[in-house]
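Letters A, B, C and D mark the chains in the order given here, with residues in each chain numbered from 1 onward.
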Amino acid sequence: MSNTKHLTDEQAKDIDENIAWAKINKDVLRSMENPRMGYWVALAFSVCLFGLFIYAEIYQYIYGMGPALLNTSHMWDLYISTFVFWIGMSHSGTLLSAILHLCHADWRKPIYRFAEAMTTFSLMTAGLFPVIHLGRVWNFYWVMPYMSDRGIWPNFRSPLIWDAFAITSYLTSSVLFLYIGMIPDLAICRDNTTGWRKTLYTFLSLGWRGDDAQWRNFRFTYLMIACFLIPLAVSVHSIVAMDFAMAIMPGWHVTTFPPYFVAGALYSGCAAIMTLFVLLRYFLKFEEYMTMPIMDKVCKLTFVIAMVWTYLNLIEFASVWYGHDIPSKEVLMAKATGPYSIFFWGMMVFGSVLPFSLLSQTVRHNMFAIFFVSIFLNVGMFLERWMIVTPTLSLGYHPQAFNVMWPGWVEWAMVGGSFGWFGMLFLIFVKVFPCVSMYEVKEMVYHRKRTTFADVDEMMELHTGVPGPAPKTQETGGS
Amino acid sequence: MSKTKIDRRNFLKVLGLGTAGAAMAGCDMPSYVTSEEGVEKVYSYLAPEEYVIPGIGVWYASTCQQCPQACGVHGRVREGRVLKLEGNPDTATNAGKICQMGQSAIQAHFHPERIQNPTIGGKDATWDDALALIKEKASNASWVTGAVSGHQRVLMDVSREAAGNGRHYAIEAVNTRAWEDASAATLGDANPNLHIDKARAVLTIGADFLGTWGNPVQAMRDYGNFRNAPRGVLMAIEPAMSMTGANADTWVAARPGSEAAVVLGVGHVLMSKHGVSAAGMPSAASAFSAMNPAKVKDLSGVSEAQLNKIADTLMANSPSLVIANASHAAAHAAQVLNLMLGNVGQTITPGASLAAGAMAPVSGSTKDLVGFAMDANAGKIGAAIITGTNPTFLAPKGLDMSAALSKIGFKVAIADFHDETTKSCDVVLPMSSPLESWGTHVPANGAAPGTVHIQQPLMENVYANTRGLGDILLSVAQGAGAEGLDGFEDYYGYLRTAVSAMIGSDMEGDWNKVLQAGFATAASAPTAFKAGGDVALGFSEPASAGTLTLITSARQGMFDGRHANLPWLQEAPDQINKTVWDTCAELHPATAAKLGVKTGDYVSINTANGAISTRVFTYKGIHPDAVNVPMGRGHTDYGTYAENGVNPLTIMDATSGDRSSTELLSSSIAATVTPTGENRYLVRSMDLAEQHGRKLVATITADQFDRNQGGA
Amino acid sequence: MPSLLGNVFKGWADYSKANEDGGHHDYEHMYAMSIDLDKCTGCNACSTACYAENNLAWVGEEKFGARQAMNWMRVERYFDEPDVGEGSPDSLERGASFLPMMCQHCNGAPCEPVCPVAATYHTVDGLNAQIYNRCIGSRYCANNCPIRVRNFNFYDNAPTAWPAPMDQGLNPDISVRSKGVMEKCTFCVQRIRGASDKAKREGRELKDGDIVTACQQTCPTSAIQFGDLLDETSEISKAWKRQQVELGKYEQNKENPEMRGYRVYEELNIDTKVLYLERVREV
Amino acid sequence: MSGPAKKIERKTKRVLGLFGDFDQAFEVIADIRHYKVPGVTVDDVTLKSPIEHPEIEDVLGERPCHIPKYSFVGAAIGFCFGFIFLASAQANFLAQPQGGKPVITIPSNIVLAYEMLILFGVIATLAGFIWSAKLMRKREGLYDAAVTVDQIGIVIEVTDDTFQPMKDLFKKHKVLEVHEESLT
C-alpha cells in the first residue's frame, strides 16, 4: 500500500513471508481443536435458536399459516424476504472466491475458505424457507421433476421451479467447490490427527499425496469449477429476482431486478464476510493470517459493490418515477411515506450511506468499527428484502385489498431461528474443518517471497499466474 | 383437445385428483369427506325414503320463513338432507329469486344451538306435560307473535276465541305500518300493489324497498326492469343512506324527523313551479303551500335546488311513484303526491283480498310492542303465548319489558332458538325449523290475487323431539277445546283438508300439483280504491339544527336481529359500511371531526333511555345531525354467534309523541355522543371507499347514452 | 413411462399449434359472465348464495379482521365516481357504486403460469381451475392475482365453520378444503358438470340456460348473466357482441360509446371473462 | 527416450528423497533430465510437494491434463439432456394450458437447461478429477507426512545399478532424508 507510514505495525502488518510453514499447519490445526467455553456457549445458543425454529414450524404445521398473520393480500412476507436475504448472503463466498481466484488476487487465499463455508451454510438456511412457507409443507417434494406414474410434472413455467433447480445446482456446486479446494488441507489433517478425525480425513482426502499429477489436475479442476460457478451464482440470484420480476405486481415487475439482486447479494455477502472475518480473527486467533491489509481490501471491495447496489436501486426508483405506471408509482410513494417508510429509510441509510464510512482508513483499520458497520450493512440488506416483498403486497392493484400487515410471532421465530441454524452449522464447521486454507497460504507466502514486487496490489495486476523458473534467492525456505 | 384425448375429466381421473368439479364424478356414493383427516361419514340407504335418490338432488317447493314476506322457494334435497334454497320461479312475489336471508335458512335449519326439548321452568319435560300445563294455565292467553298469516293465524284465532279472547299482539320492528295506514287513509287499501318497474321515476322517503321495506326481493326484481330501457330515475330522501339510497341517482340527506316537511316541500314546488293541482284536497293543498322551500331548508337542511331537482325529475318522468315510510305524516303526504301526479292507477294499483279473510296476513308493528308492554305492566295479561318475535330484545328500556313479562302469570314460548324472551318464559316448546314443518302463508305484498304459499317439509326433523309450529298450534287449540279440530291428529291432516277445501278438490293429484307448484290460488276479490276525499297533512318538528339525533336502520341480513345467530349473515358485510360481526355508529365526517373521532374509535351514545358504546364509521352518506346505529346485533341470550355488537333499540324511544304514528324504525331521539378514547380496528370487508383511478366501477352519464336503447 | 419419448413428437406438434393460437387448446366451451352494474344493488345475495353452494367456511370476526376470510364472491362498495366528476365535498349527492367481484377466469391468467406444481390451469371449458389435491400452498398464484380473488385456507376452518349438525348441510358435490390449499370461484363447476352430465344422459347437447351459477340464480335484479361464449346463440355471447367486447383482444374497437361493456384491468391484458356493464348516472 | 534408456532392466527399488527447498528438488530433476544418472529418465520421477509447483513442468516436461474435456462433455450433455427432458415432460403433460402460454415454453426451458448445464459440468469435472488424479486408489508406500508440511519429495524407481548414483545425486543436492523400499 502506498500510504502505510502512519499506520501502527499491527495495522500495517500483512502475512509474514518468512513464516515457517510448519507453523501454518500448527496454527490452523490448533484452531480446530479443544474448543473453549465460549465456543460451547455460542453453540448452545445457536442450537436453542434453532430449537425455536423447530417449535415454530411444528406449531405452523399444526395450525396452518394463519398464526403467521399472512393474509389474502400478504401471501408472502418475511418467509420470502428472509429466503432472499440468505440466498444473497450465500453469494459472497463462492462468487468472490471464484472471481478473485480467476484474477489471481492472492489476498483471497487466507479468507476464502470460511467464506465458501458461509456460502454453503447460508444456502442450506435459505433452502429452508421456500419449504416452510408452503401451506402443505409435507408435499414440498412435488416441485421436484421426478417421474410419476400418473404422468404429473411440475410446472416448468414457474419461477419457483427455476428456484428449485437453481438452488439445487448452486448448493451442489458450491459444496463441491468448497470440498475440492479443501482436499490438500484434508490430507494435512489426515497426516496430523488421530482417532475419528483421522478416519474422517483419510476418507475425505481421497488419498491425496501431493503428486505433481494430482496438483496439475487439481489446478485445472479448481479453475473449471470456478469458471462454472461465476455464471451459476449470477443466474441463481437473477432467478430469485425473477420470482418477483416475472410477476405482474407493481413494484415487482421491474426489469432491473436481476442485476439489482445480484449486486445486493454480493453486497450482503461481503458484509457477512467482514463480520465473520472479525470474529474468526479474534476467536480463532488468526491475527497472523487474516491481516488488516486483507480486511482493508475487503472493505474497499464492499464499498464499490455498495455503490453499484445504490446506483441500481436509484435507477429503479427513477424508472418507476418517470414511467407513468400509477400503481407502481403508488407503491414507490408508499415505500417512502407509508407505514413501512421507517424500514425503507433504514434500508437507504444502512445500505447506501453507511458504506461511506468504509472510505475512512481509521474505520477500515478498526476491527470493532468494521464489525458493527458490517452488522448494520446486513441489517440494511435484510430491510431491503423486506421492503421489496411487503409494500407491494400491501398495495398492489386492487383498492379493496389495500392493507397493512405486521408479521406474526411465528414468522419472527422462524427468521430468528434461521440464524441459529446457520450459526450451528458454521460453528461445527470451524471445529471440524480448517477454516484457513493452509496450502494456499503457503503458496501465497512462497510466491510473494519469490517475486521482486514489494506491493501486493501491483503483483495482483501484473502477476501472470504461472511463474517462470524462479530467480535464485539466498535464504532457504521452510525450517 | 379432440386430438389429444385428454379432456379435463379424464386428466383428473388419470391423476386421481379431485377438483371442485371432478369431485362430481366420484360423488355417486352418498358420502362426503369432512376435513377432519380421513373421517368419512357414510349414510346408509338400506331403506331410503322414497324421495331419496342417492347422488341426485331433487328440488321440492316450500316457503321461506326468514322474514315475514314468505317468498316461495325450491329446496334441493339430496340423500334426505336439504342442501340449498332457491327461489320458486313460479311465484309472483319473488319469481325464482331470494335474498341472502333466504339463502341462510339452511344454516338456521342445521343450527347446533336450536332448542331440542320442551322445558318447563327451564327443566326438560315431555311434550304431554308441557301441553297439559298449557291447557291448564293458558286460559285467556294473549298471543304475542310476529306477522302471521294463513292457517297458523286461523288456529291462533280459534284457540284465542276458545280460550276466552286474549289479545293478539303482532310485533314487527321492521314493517310498513306507516305506509299501510297512509294507503288505507288515502286509497282505502292498506296494501296496494306497487309497480316500480312501470314507474319512470321513483322517489322514496325513508322506505328502503331494496333492503327491508315490503318485499325487497320483489322490489329488486322490479328495480331490475326499472333500470332497463326506458331507464327510470331513482331518488331518495333520508337521514342516513339505506340500500335504496345507495342505488339512487339523486340522494338527499334530510335531518332526522324532517322527512314529512321535505315531502310537503316537494309538493309545494310541484304546485308553485309546475302547476300541479291538489284538486279536491284543500287541506292538503294548504299544507303544501305553507311549506315553502325556505322553511324546508330551515327544518331539514334540504336546499331549494334539491327540491327543484326532485320536482323536475318527477314531472319529467311520468308515471312516477312516491313511497314513504319515514313517518305517518310523510307517508300520507307521499300518497297525496301520488294522487296529484296521477300515479294512482298506473304505478299503484288495487290489491286483492282473500275470500277467506281469516287467513289474511296480520302485519306487525312496534305499536303492538308498546301496547303489549303497557298492558302487561298494567297487569292486564294473565297468560301469554309468544312465538316468532322477541319483544325483550326489541323493546326500548323505557318500556321496561322484563318487568312487564314478570307481571304475566304464565308465559309460553314456541321457538326454535333460545333468546332473551324465551329465557323468561315458564314453558318453552321446541319448534321445528320452517324446512321441517307444514304451513300456509299469504304474502302481504305484491302476490298474485289469492295466492297462498304452501310451506312443505323438506326433510325429517334434525332434532327428533321438535314439532312444527302448526302441530303445536293445533294441539294448543285442541287443548283449548276449539270446535271442529278433534278429527285431526296432526297439522298435515288439518292443512290438507283445509287446502283441499280452499282449492275445491281433495283429489291426490290436485294436492300434489299444489305441492309441486308451492302455492295454491284461493278465491279472492280485488279491492277498490276509494274515490278522492281530502287528507289532512301535518309534519313533526325535528330537533333543531346542530343537535345530534340517534336513529337506527334495518339492513338486509341482520334484519331486526332475528338472524344475528347465523354466521353467514354475520360475515356478510353490511351493505353500506361493510362492517362484519359488529355494530358501528355511522357518523358524518364533519360531525366526527367536531367530536374528534375517526373510524374505529369507540364512542358512547347517550340518550334519555341510557347509553351504548360502539365504534364509529364515518362516511358522507348521512346527515351531519344524525348518528345512525343499524339494528340487529347486541343480543345477550341468543347463542354464541350473536354476542357481538350493541342493540340501539334499547336506548330508542317508542312512547314519545303520538304512539299510533311512531314506529321504532323511523323514530329518532336526541343523543349526545362522547368519545371514550378507546380505539380498535373496525372489521370491514374493505377499508377504502375510493377506486384510486382504477377502472373498476365505470360510470356513464345518462345523457351520454340513449335511455331507450339502454345500452344493455 | 414408455410413452414418454413417444409423445414428444406429438408434444412438439401441439406446441407449434399452440403457438399459433396463443397457447390455447381447442376449447369446447368458453364460459363467461356479464354483470350489469346499473342493476346491482349490492345486496350480498350472490355472495351468501356462494357460501351455501360452495361449502365456503365462515371465519369469524378475528380472522376476518386479519383478512383471512374465505369469501369467493364479495360485493365491493365505492363512494367515488371519477367519471362523473367530484360531487359536493360535504355530502354524497348520489348513491354508492357496488361491484360484485369474483375470480374473472382470465384467459391470460397471471396465476396459472406461476404455480410450481401446475395446480391451477385452464380447462377446455375456459375455466381457470384449481386442483385442491395438487396444491401445495406456495401462494404464488394469489400474489400474482391483481384482483386478490384467491382465498387461502390459512386455518383448518371446517371444524369451526360446520359444527355438527351444520356439516349435514354441506354440498356433497364439492369437497371441503383443508388447511394449506388455495381456493377460489369456480363458476360453480359442479353445476356445469351436473348440467353436462344431465345433457349427456338425455343424449343432447348442452343448451343455453342449462347451466346457472349460484350467484346468477339468486341475483334478485338479474344483473348477472352466465353462459358459453362459443355458442353463437347464447345470451352471453350476444351480450358480448352487443357490447363490442371481444375476448383475446387488448385493444377493443368500440364504435358505439353507448355500449357500456368493459372489463376490469384491461390494461394488464389478462383477458378477463367477466363483462361489466357501466353504471349509469343521471346528473 | 534416447539411447541409454533403451535396455530394459527390472526396476527393483523405489527411492524417496526429501528436500527442504523446492530449488534443490528442481535441480535434482534437472540433472536427471540431463542424464546425469544413466538409465534414469524424468518419466520415472514423481514429485510430491506441499503446494503446487507448476514450474516443475519446465524440467519434468509437459504432462497432459484432460479435465477441461470432461467439463465440456458434461456441460454439453447437461444442456441437451436438460432441454429434452423438460420438453418431453411438458409434451406428456398437455392437459394444462396455462395463462395462454404454449405447451413447451422455450424461454423457461432454456433457463432450466442452463442450470442443468452447470450442474452436470461441475459433476463431470469432479469425476474427471478423481479419475485422472488417480484419487480414491490404494495408496502405494513411500510417503512421508513432511511433504504436506514444507518438504519436497522426489520419488523415483531405480534398478540395482542406478540405485547408488541416484542417492549420490540426492546427497549432492542436500537431501534431508532418503527413504527406500524394494519393489517385489
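As a convention for this text, a residue touches a chain if its C-beta (ideal position, glycine included) is under 8 Å from a C-beta of that chain, and two chains touch if they have at least 3 such contacts.
These numbers were taken from a predicted model, which means no experiment stands behind them.
A comparison of the B-C and A-B interfaces places the larger number of contacting C-beta pairs at B-C. Taking each chain's centre as the mean of its CA atoms, D is the chain most distant from chain B. Separation between the centroids of chain B and chain C, computed from CA atoms only, is 31 Å.
A separation of 66 Å divides the Cα centre of chain A from that of chain B.
Measuring from the averaged C-alpha position of chain C to that of chain D gives a distance of 64 Å. Mean C-alpha position of chain B lies 91 Å from that of chain D. Shown for chain A are the residues in touch with two or more other chains, namely 151-153, 155, 157, 161, 397-400, 403.
For chain B, the set of residues touching two or more other chains reads 1, 4, 7-8, 15, 685-686, 690-691, 693-694, 696.
Among the residues of chain C, those touching two or more other chains are numbered 1, 4, 10, 14, 25, 69, 74, 76, 78, 110, 113, 115, 118, 134, 156, 179, 265. Listing the residues of chain C that touch chain B in their complex gives 10, 14, 25-26, 28, 36-39, 41-45, 47-49, 51-54, 58-61, 64-65, 69, 71, 74-84, 90-99, 123-125, 127, 129-134, 156, 158-159, 161-179, 183, 186, 189-190, 192-194, 197, 214, 217-223, 257-260, 262, 264-266, 276-283. Residues of chain D touching chain A in their complex: 20-23, 26, 46-58, 60, 63, 65, 67-68, 71, 75, 85-86, 89-90, 92-93, 96, 98, 101, 105, 108-109, 111-112, 114-116, 118-119, 121-123, 125-126, 128-130, 132-139, 143, 145, 147-151, 153. On chain A, the positions that touch chain C within their shared complex are 63-66, 69-73, 75-76, 130, 133-137, 139-140, 142-143, 147, 149, 151-155, 157-161, 164, 243, 246-249, 393, 396-401, 403, 405. Per the touch definition, chain A reaches chain D in the complex via residues 20-22, 25, 145, 151-153, 155-157, 161-162, 165-166, 168-169, 172-173, 176-177, 180, 184, 187-188, 191-192, 206-221, 224-225, 228-229, 231-232, 235, 239, 439-440, 442-443, 446, 466-470, 472, 476-479. The residues of chain B lying in touch with chain A in their complex are 14-16, 685-688, 690-694, 696.
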